[in-house]
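Same chain, two partners: chain A is paired with chain B first, then with chain C.
Moving on, here comes the complex of A and B:
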């Protein structure tokens, strides 16, 4: 009977190293939470009641940003107090059985026989430092190492308790999240962080009200748009590296075309690459695994660099304000983003048809053509349309760093303080983006 | 008939994850023209056995001779050629749902079609004619341009049969062809398989769940339990005692009429 019970424990499927790692990570999480609360409360104490001044400057009160990220000014023994204090608190919390760190990794403190009582808890707290100090020695000596995994560390053995996989007793109901330890601590962490953030970033609602008059003038001008250059080209572009005359309508069309070209080009590259980045197609051989990893790595790397940063690169390379630079940046980001989305779709397909094509004597390419592509075409189209949406919105602002498009006019008028013209450009942008958004949304609904 | 058509010697399959032994040293042989039914509980290794024969699953040890050729030693290119003559029919049909019935049936011809032509979807006139002939044979010629997922389960399985017929197979591997179908449809599908076996001389290996179907259609029955052969003989030889041996003490026979 007992053997059966142990085999159903998922803990046993794990290797010993992973068990220890789970314990260590749970401990680290507990410690991080405790330390965060301590640091935050000491910081808040110093901000509100501290009177330490350096050359007449109380930097906790006057410079809260620097004060939070610089070490707390403590007496020399203070750091030792924090170190051992938090450590002690963490050990104490963990001895009570189900700390947050233990819960996060599905562990709990269990007695090897009987229940975890006060005596065992006290022994565990007392012997804990010794057990941890001796743990590296236990692990280093092969003869003792086996004992560590079967009987636990020193404090486990002496106190007769161990941290093991937690199995929720059947029949007992689960609590609502906000009534659990996690719920309470999560709410506390969130509100504390919001409060700290408020102080550190020096948020001041007074500014919003105090400067309302200045803002009102600008807003009034924006909502009375000046459509002078709506269809009549504005000559400002003569002075630029890309000397042509554009009206708002010209540039809006150009922007939509930029987005369209970038999406088509990006999708054309992403489509074949997505098969190389699909685990289920590639990971049957070692070389396939390498291709998969490189492709996925490329997707992730190029996607994590935002389009605006790619624009900076291509604006230098191709020319500041040249729409081609913007298109190139959009293409690069589109390939990476669509490639990843496509690959995930390929990974999610039903493998049955692939099996059927293979069983007919089909080759790898035939499997892709007949079993994979028919399954993914609708979602590919939906993703591509969605990406076009994103690209149109992106194309309206890439001019900020030299990518060309409607943003060129927008930022020019903003620089010259011509708010009425800014209003006209913004209205044109909103209308176009909203329309395309609506159309692509409807089309996507139809496809999916 | 000096040598059997299919010889399996010491076939073993161990799935690496979790070290599950699906087949343990299985050996048997099948003559040309036999209708061999494989029975056994779920997880007894029926599907693995069938998939080892066309190497959709790579055997861990053992040899499989099809028509004198050891398929376990073939390169992937040679294996593709070999698979052309082995039809396969699946429990869940494995059709390409979004494609037409015709495309599904034609895909049975992929092994014979040059890759570049098939990538463009160009099948030869003879292939197309053959496809219509086979659709007619399974009674679906009027559904040729319907989408595969618009058909009923029985119709889908008949498309699967037509696809296998396109291969002009010598050996047909059918993995629980009727377990997703209702009893009446099951018989119609089984009758197509029987027809292929009797009229075209195709050797059929079919895994089935219902013993009544196995008795009705099989010329020989092979029973697997935990990856080992526990019975190999004529359908009439399976009595109550044998049945309990294969399916366990608790089992009771369910009949499909």
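Moving on, here comes the complex of A and C:
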């Protein structure tokens, strides 16, 4: 602890909490990578060589959970072994060479004076456990905290090295990435993920080729669509609670109108909410900050829940296959998605007009009416059009869980295996989606 | 630069030479597209409004579906006549959008007789489209009226209710709102909506009291979902990145390359407009029902390839041409142009687009699961269909967590790749 720091360059040293956080995040990333390698290779080992074949069945194929959750089938103490083993590996790779975690956060191991030699590296590894144990204590005591930020942790001080912001020395050529540690690890990570993914998703090109004949029949039916119910209503709607009978074209129009209704309602709710979710308008007071956080939290939460899940809720509520159930589900998602886009737009406005109106003694509402709204109208319109586009796409499939719309016929024909009619529905969907995409793209280009 | 017939030194190009012929054809095409634009817009607007009104009316009044309420020929005739009248006797919405109005010689207001001549000759001049290819179409020539571009702000705008366009838009919006909500909210729907929140409350109650019976399946399937998305993105990039060079207009100059360009763009835009969920249905038939994640992956893959190629190619089309010209001038071939002029400009946007696509794929892979495309979506649907809402809650939470996490991560990384630095917190949030 008595080691004196020789550098005083504030940019160079570990000067503040943010840099320490970067270092910790880089460490966490490295640890995650090492554990991923370990777990993945154990999983692959079990799947390929360690599996027990009982009566011709691969045991792990039937019970993939054991292979997935506990590939080593470790007793409880084994997890401690893994914990410390991976930690050791992480410390090693972070001390020798530039690890992927360091590369990702723009850090590298540097000496305070001279170069990083083997002795310094070894000292660093040996003192590392003590340094990490002491770190929370140092950070907790205010008198010691500043010392951590200026001189680093214990192992930094004793070994005379530190993990700092990496600046490439000018004039030296860049190393090829496959000659650096992080480059090799990145390539290995990528290939391992591809290989593992290939096994997890059960991919098999042989089956794709072998079953081409089965697929061909279906494809041939789809590309020779049957237009019998394109304009004449399909009698299946006799069995439903619908008051009307729909043909494909009728139902497609209904789908577009559903998306329109959802977009109009969603935009009407999202518009006022977007001002509550804009940081530059709300974060001037404590209450405003709370409202901002709640609004943004609402946007994020409801955006993360898929439309189809909302459809399930509303289908139970309003009625299975009822178009309004689909509309309500789309509205919820539209409010959240548009609200976020709108409020980001409000945050990006020029503050000049706002200040001008405030300086003239304008109220909060007047600021919004005369300084904010004129700046955001074009992009709001563009976003709304874009959302309508998305809603039409979504409205074509929400019938899967009872949301009504064209998907109703699509999934019905699919259930009955009437692929020629599926082809007709798909054509109607493609034409409408493509046309709306084109029109909304052109209009957005004009107004944005 | 297009020759305008009003230019002083305007000379019609000779049609004898090949260049003159192509110029003449281009001129005719230009005149027709200029003359036809407001007409087509008005036809579209009036036709749409008529369909909206009759559709809504028939639905509300008789619970039936009617688009025109009149014979088809009468609908077509009525729309054409309404357009002709609107364009001759007022300032139509289409004319407003292209920024023109009818003006008589000497910038005076058109008289009624001039307008009548314009209206009558509209039929023989505009409806057979070739009539518009004249330097001054017949109806303009004989009536003495010209569609002239007007300067924005040159006149005081009338309030919306005093202009036909304003009234038209107001009527359209009203018809749109009434029809839309009448169609989607059928009889009895509204009562059910107000009466039955308890039914939805049951689901919400179950979601708030989750049971963790299926957590192992849920986590396992969650990883399946994640890997479906990752694989679709990675392999999608491998295919889309090379493909995008052939789908960029500024890199495909030779006739063969242009053919390639049109082929790739056409096929991919067709693929893109089919939802991944529909692709999943098709691929489920192909790979058989036992390999659900593979079908879901293929559906995501094909959509990713189509989408990424378009995004990438659009980025290539907007690169700076300076480096490309420099390398071409020093004698570099196509490959070195790509390597040293194009790739350095596009690498960061490519990474950004890929992250964006990864984000979308994660969302999509949960949806694709719902049709049987594997992953956590499939488990969720199975539990929901069995009405086991409490057991399904864990799936809902995991999906929401995953989507939220990936969304945050990818937007942070994208910000880094677009602006070259990580997000800096605004001072307002730090002080709060």
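As a convention for this text, the second predicted complex is superposed on the first by the 304 of 448 C-alpha atoms of A that agree within 3 Å, B and C clash if a C-alpha of one lies under 4 Å from a C-alpha of the other, contacts with A are read in each partner's own complex, and residues count from 1 in each chain.
The working rule: a residue touches a chain if its C-beta (ideal position, glycine included) is under 8 Å from a C-beta of that chain, and two chains touch if they have at least 3 such contacts.
Since the model is a prediction, treat every value here as computed from it, not as a measurement.
J.: After the superposition on A, what does A:361 contact: first (chain B), second (chain C), both or neither?
T.: first
J.: Is A:375 contacted by the first partner chain B, the second partner chain C, both or neither?
T.: first
J.: Between chain B and chain C, pick out the one touching the greater number of residues of chain A.
T.: Comparing touch counts on chain A for chain B and chain C gives C.
J.: Which partner does A:283 contact after superposing on A: first (chain B), second (chain C), both, neither?
T.: second
J.: On the A-aligned overlay, A:33 touches which partner chain: chain B = first, chain C = second, or both, or neither?
T.: After superposition on chain A, A:33 lies in contact with neither partner.
J.: For A:327, decide between first (touching chain B), second (touching chain C), both and neither.
T.: Touch status of A:327: second partner only.
J.: Per the contact definition in the header, classify A:353: touching chain B only (first), chain C only (second), both, or neither.
T.: A:353: touches chain B, not chain C.
J.: After superposition on the shared chain, which partner residues are touched by A:397: those of chain B (first), chain C (second), both, or neither?
T.: second
J.: Is A:316 touching the first partner chain B, the second partner chain C, both, or neither of them?
T.: After superposing on A, A:316 lies in contact with chain C but is clear of chain B.
J.: Where on chain A do chain B and chain C both make contact?
T.: Chain A residues touching both partners: none found.
J.: Mind pulling up the chain B residues that touch chain A in the complex?
T.: Listed in rising order, the residues of chain B that touch chain A are 54, 56, 80-84, 86-88, 90, 92-99, 103, 107-112, 115, 118-119, 121, 160, 163, 166-167, 173.
J.: Applying the document's contact rule, which stretches of chain A touch chain C when the two form their complex?
T.: Contact set of chain A toward chain C: 64-65, 68-69, 190, 193-194, 196-198, 200-204, 207-208, 211-212, 214-215, 218-219, 222, 242-246, 250, 253-254, 257-258, 260-261, 264, 279-280, 283-284, 286, 289, 300-301, 303-306, 308-309, 312-314, 316-319, 322-324, 327-328, 393, 396-397, 400-401, 410, 414, 422, 426, 429-430, 433-434, 437.
J.: Can you list the residues on chain A that touch chain B in the complex?
T.: 352-353, 355-363, 365-366, 369-371, 374-375, 377-378
J.: Quick check on the complex: what are the chain C residues that touch chain A?
T.: Answer in residue numbers: 55, 59, 63-65, 176-177, 179-181, 183-187, 189, 192-193, 196-197, 199-200, 202-204, 216-217, 219-220, 223-224, 227-228, 230-231, 234-235, 269-270, 273-275, 277-278, 281-282, 285-288, 291, 293-294, 296-298, 363, 366-367, 370-371, 374, 380-381, 384, 396, 399-401, 403-404, 407, 426, 428-429, 432.
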